[in-house]
Amino acid sequence: MLPEKIHQNLESSRAMHPGWQDQDHLIRQLVNNARDHGDQVALRERDRGIWQEYTWQDYLERVMALAAGLETLGIGPGDRVLVVGDNRPALYFGMLAAVTLRAVPSPAYPDTNPQEIQSQMEAESIRCALVEDQEQVDKLLGIRAAGYGHLDHILFDDPRGLKDKEPRGALALEDLLARGRARLEREPNLARDLQSRPSVHDTAVLLHSSGTTGAPKGIPLKHGHILSGVRNASQAGYFREGEVHMAYLPMAWVGDFIFTIGAALVLRFCVNIPERQETALHDLREIAPTLYFGSPRAWSNMLTRIQVGISESTGLKRRLYHHFMPFAVELERRRLEGRAPTAVERVWRAVGEVLIFGPLKDQLGLARVERPYTAGEAMGEDVFLFFRALGLNLRQFYGQTENCALCVAQPPDSISLHTAGRPFPGVELKISDDGEILVRSDNIFDGYFNNPEATAETLQDGWMHTGDAGYLEEDGQLVVLGRVSEVVYTRGGERFIPTYVENRLKFSHYIKDACILGKDRDYLAALIVIDIDAVGHWAEENGVAYTSFADLSQKPQVYELVRKEVAHVNGVLPEALAIQRFVNLHKEFDPDDGEVTRTRKLRRKVIDAHYAPIIESLYDGRGAIEFEARISYETGESGTLKRHLAVADVTGARLAEEV
Amino acid sequence: MFYRLSGIHHTRYESARALWPVTADRRIVQGLLLLAVAAPFLLSDLYLTSYMLPWLIWTAAALSLTLLMGVAGQLHFGFAAVMAIGAYTSIHLTRAGVPFELALLGAGLMAALIGCLFGAAALRVKGLYLVMATLAMQYLVEWTIINVPAISGGAQATLSTPDVTFLFIPLQSDGALYYTALLWTVVVTLLIMNIKRSSFGRALVAVRDKDFAASVIGVNPLKYKLLAFFASSFLGGVTGAVLAFCYYQAVTPEQFGFNVSIQLVAMVLVGGLGSVIGAYLGAGFVLLLPIVLTNLLAFVAQFDLIPISFNLLSHIPLMVYGALIIGVILFEPLGLAKIYDNIRKYFLVWPFRHTQS
Amino acid sequence: MDFQFLIELTINGALTGLMYSLVALGIVLIYKSSGVPNLAQGAMVMIAAYLVWIFAGLLGTPILVALFMALVGMFLFGMLTERFLLRKMVGQPIIMVVMLTLGLESLLRGIGPGLLGAAPKSLDLGLDMMPIIIGDVFINREYLVGGLIGAAMVGLSLLFFRTRLGTKLRAVSDNHISSWSVGISVERAVAISWGLAGISAVAAGAMWGSVQGVDWTLTALLFPAVAVVILGGLDSIYGVLIAGLIVGILGSVIPGYVDPLVGGGTRDVVTSLIILLTIMFRPHGIFGREDIERV
Amino acid sequence: MKTLLKGLAGVAGAMALAVGGTASADKEPIKFALLQDFTAVYTFVSSEYNQGQQDYLRLINETGGVEGHPIETIIRDTANEPQRGLEAYNRARREGAVLVDFFSTPVSRAAVNRVLRDEVVMITALHGRGDASHGETFPFVFPMMATYWSQATLLADYIDRHQGGLANKRIALVHIDSPFGREPLPVLQELAQQKGFQLRSFGYPSPGTEQSATWSDVRRYRPDHVIIWGAGGGQQVSVREAIRNGIRPQNILSVVWLSETDARNVGGNHMNGVKRFEAVASGREPAVIQDILTHVVEPGLGAGPAANVGSSYYNIGVATMAVAVEAARLAIREFGAPLTGDTLRRGFEMIEGFDARGLMPPVTLTATDHQGGGYGRVSQWNGQTWEPLTDWSNAFQEIVWHEIEKDAQGFRDGR
């Protein structure tokens, strides 16, 4: 990027954020930590069973060395650096090294397919990529071979399979580090110089919207946004200094950057990185963090894991669990309703803490968690209550990438089941006339990357339009209903938000995904994706033999099981919005097929297209359908397979339940 | 339920291989050690001298044997003879005026040297044949002791242990004897635990699992078999001396007969081959079970509830003992240690049945 | 004179050795079919002797009837032992099997004397106690009978292995899995071999019980029997015969000359040395098959 | 913890087997501990021996106890294992036993130091250490019957007096190859020198069930007399082998351990004429045995099969308890109740010329002599019973005491 352009950006940012101190940036935080708390552990990574530790001094030294090295590759202010891979210390170091050079890390999800990466690279004219291992290197080489010519440097962390046979432009981070160290030694003032280069007005990271609708948009977040967001949250008591944090969520997701880099630098977190994604749960237990963030799905999975574990457990343990857990859940429900437990109940709960709750939290690795959070989408009431009943002060965040995901959260004292909480200090919130939630604060971004139209749509008069529908309660707590854009109407003019219903369905352990249909139709119907783990286990318990996902999904017993779940949800919906028919799909929604996003949000258009014959059958009264299923193989080829799918009515069951 | 594993992480392999990485286990060990140290103040002299003391010493013996049988896989049905060598050596040395501490060392060395002769058979054969060979050597050692009055002590064939001091403390009071035995057992325990996780221990395990294969990976089976016999016999010899000085206070050949060898093997097997905790449990089982049964039956008999002859009554412990050994081997071939392990796991994975991660 | 002494020692030793063979035969029969070293064979001999005594001494049935009943009893006992104890040990390490049989020995040693009284019982087979005297050589009449029975039992066993059932047993002893595959019930074959071991225990129990009285000391016959088995080869029936003779003769001749010099009973020393030397120089005995171990 | 264990100990205390007793014995009981081997090596003796002990104590309790004190017994199996014996001993001592009888050489040997320290009387009739006769060295140990040395000298004396003298004879000692079997060797060797006879020892391996080679050798030695020295099953094998090898039964002399059972097991009348040392009269004639039959066995209070009453080992058991009760009686008379180990010891040392109404030779125990003179007699199997051939006597006690002194000295030096 041209220096004038950068300078221009800087000036405009200064004008927008007069309160920001120029040298108050992330690298400064790192330098301060290394100076004041140099011996403290900043980062741990589990490597071959043991935890490698990095102190703040190590941290700084590596970031500086990498920055010095990166500079020799020609990376400079305004350059975008692609980051692909699972959480690795070297990648974090590399990102901050880029930030030091006023370049912008642009993380991508490691399982993103090459086309998407290529379009991201093209949009951001990426010249340098920071990747985890050979797999990602190969992916990038493929993109380069496919015609993307600007990729000059591929820096990789894990040298396995690459050592001594690096492809053109590929360089081990270890070698870059050595190069940078040598340079730092030669130039004694370089480190100090590097540290003073960034500005609070620089973009610290370039994140991306999920792309639920249309192509992903780049969301640049500046040092200042991140710092003010973190400070607001910490001021409200949502983070404390020195938290032990587990960095296991994707690096491309806003939360990881905010927690693992933003908050970690500001509040000196001890960040822990699991050995692999598959070992994350085990490693979580070894670390026992004090701060834990999980998506509602992750919490729900955890609950499923517990329930499956308990159902397999021995008699006494199972009985104790089934006594204490409902007791505690009921206690928690009443507590949220404002009724305090009696002394006897408190004593009994303490007994349960020793016998069940404590051991459970220990098994999950949540024994030390004081700040368990969730965000992203609505959380099932039973899941929420369960973990709160366990004694975890589980709370929900509400926010978007655009506002560093730090916007609204449930306060520790007054939590109710249906509200998202109160805005952070420093965050203004209002509801627009058409019911949209608007926010304004210093941690809201300054505009999309190279997308003035979208920016103008989202940022109006300093207010950010979240696109969510909601309202404020009398006590100032926010209730989020769903996407404004998602509000649809049935043919009869009933207004509903499919996601809202889907989430209710997904609160069932047996349902992994659901897609609610009904827009411009006579009634609501559902495509159901069963949860293979939970239903599979249920099938084993109940002696239902099955061979595959597709087979299991079509078992009459499974249909009966799902029917009950659907009927249960119908019970809390207005009668006109009852789900009348559903189909159990023969496969899961697959991000590779574009049916869901990487964060598993539905892409309704794709689904409508893929499953059109099934959807028709849901509305033409047929009891079954032969479906030509499209299959994508891992090679990228696709084929078709004939599937026989049953279509079920819920109404009868519902009537039966009412009788 | 008692176990809390979260937050336990290791930054070095050494700490990951620590003896008791889990806090609850460490607490249990500390608690037991504390109880063991406090035993003279908690237990009556009967339980101290007739239960705790012999139990500890036999545990040390079982540990010495389990190093050979469990870790190195070399069967030994003549370990009582090895202990006898230690006992007689130590007595003759102290009688000749050698300080007790050195006599213990001498006992260990002498037992280790002769124990290596037992090991010579192991260089040639294994399994059942080794059982028979060591058994035969047990007879030879026993015969030699009995038939050489200079060893066994003349016509009475009894040698009383002379008064000695250990680390400047006279071995007179029950307490002094007990603490000496405790110290030795703790030393042996720590030693075996550390051997098991050392390269030496792993070499022994390699030899145990398949000696040919071990030689392929560069572990010389001959050398390690002999080393195993040496180490185990050394410990066994010292234990024999401790047994003589701290418990019997006199040695006769009968104290180290063939049946004692069998009992030692039973301790190791019933406890669980190669397991340290198993040695404690096995020694307790084999040593104390007949005593407890005898006392229990005598207690029951006084009520005259069961009209059985005194002769049968006195044989019941023998039958029960045999039946229980059969039972343990049939139903839990990994021994009492496995049962303990199952109980521990039951609480370790609480409230689940299996580990979750 | 000296020569006659040697002859007498040799003959009596040989006969004793054949009587050891009676005990050893049971061990070999079992080992041959299942690879189990039955260290409870001594106790089985004791139980067999008690059984004969119960019928002959306690109930007063004629000795032949008593022997027959004991044969039936011990055959069943052997089969049941295999069925309920040893069959569960398949695949376990040898040491476990050894300990199991030792546990069984303990159990039996408690049951016999516990139920019938600890004092030794006399078992009269109606044999004259006076020796057969040939020249100046005295031959023990009981040992002669016992030795002949021992030789006969070994011979019978050899013949048995030529019958149809015996051929099956041989097949089983050669290879369990291939026997299985040609439809031979390995379990049954092994059970039968235990039953046969029970039968040989009756012969041994009756003879030794008559010689030394019936009490727990009969279990001590295990030691010389082990020497016989080791020397002859654990799976060789010929070996039992030959090794029995060798162990008996050496255990008689050597102590005969050495005992006066050292003033002690050296027979167990000889027995121990036989075991040791065999194992050191020819571990699989004179006739035993050598196993080939695979990694 | 400690209270809990004390509670346990209390239960254990209640485990003491009461012999029972309905008569006027109402003062606090005296506890005797009979901790013997009922399941392993000594079973051939201990069941009968212990039965005799129990029956005699029952008789005492039935007839008013010891000066009004009933006697309680603590009976446990030790399986001849020192560690089990020591446990039983420690327990019995806590329960207040003043006297202990292990009837097992290894256990008694292992317990010597403890009884001396704890001041508990240990009787070692016909087992244990011979040198324990030395009262000054072993104040609390009472062999109280002829030691093996005294038995050997008495048998030699018998040959000397009644079987044609010892001079120039060939004597074979055929013994089990164990310390016990070799015990008579030194005194016999000493005697061989004094009396001018030839002595050769022949050891056979334990347990002695197979001795044929040994006896071939014995026959070759052409002994005039054979002294057999074993115990249990080996004894009858010795007798049979001796007879087979042409040694006349009359010329076979045995240590005390040869009983009616052995004779039955040898079978027929083969054993007629075999002689043995006898420390206590056998048979049912002695008055004490008659009393037991009347007061204990006939009312059905006997501790075992009535057939055993009057057998050799039974009577030995009776005799040991008769001496012990007598000692207790003397002690209580002299020092009053309660009886302690020390007063009981002094009671023992006051016994003078006590013969249990003709059951045994008159025994006199003193502070120096705990053997009681080493009296005994030789009896002979006549096909039905053991028929005494001599009066109670002792022989060559100076040789015996030389051995006693020598070994006691060794024991003192070892300490």
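Each chain gets a letter, A, B, C and D, in the order it is written, and its residues are counted from 1.
Keep in mind that, in the parts below, a residue touches a chain if its C-beta (ideal position, glycine included) is under 8 Å from a C-beta of that chain, and two chains touch if they have at least 3 such contacts.
Values in this document were obtained by computation on a predicted structure and should not be read as measured data.
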item: Innermost chain by mean C-alpha position; value: B
item: Between chain C and chain A, distance of the C-alpha-averaged centres to the nearest whole Å; value: 77
item: Between chain A and chain D, centroid-to-centroid distance (C-alpha), Å; value: 90
item: Distance between chain centroids, defined by C-alpha means - chain B, chain C (Å); value: 33
item: CA centroid of chain C to CA centroid of chain D, Å; value: 36
item: Shared interface positions of chain B, touching two or more other chains; value: 146-147, 311, 314-315, 317-318
item: Residues of chain D engaged with two or more neighbouring chains; value: 38-39, 47, 177
item: Chain contact topology (line, ring, star, complete or other); value: other
item: Chain pairs that touch, as defined at the top of this document; value: A-B, B-C, B-D, C-D
item: Chain C residues within the chain B interface of the complex; value: 37, 85, 88-89, 92, 94-96, 98-100, 102-111, 113-115, 117-118, 223, 226, 230, 234, 262, 264, 266, 268-269, 271-273, 275-276, 279-280, 283, 293, 295
item: Chain B residues touching chain A - in the complex, by the definition given at the top; value: 1, 3-13, 16, 346, 349-354, 356-357
item: Chain C-facing residues of chain D, complex; value: 38-39, 43-44, 46-48, 176-177, 200-207, 209-210, 212-214, 216-217, 219-220, 232-233, 236-237, 240, 243-246, 261-262, 264-268, 270
item: Chain B to chain C touching residues, read off their complex; value: 69, 75, 120-121, 124-125, 127-133, 135-137, 139-140, 143, 146-147, 210, 212-213, 216, 262, 265-266, 269, 273, 311-312, 314-326, 329-330, 333
item: Residues of chain B touching chain D in the complex; value: 42-47, 49-51, 54, 95, 146-147, 152-160, 162-163, 247-250, 252-255, 287, 290-291, 294-295, 298-299, 301-302, 309-311, 314-315, 317-318
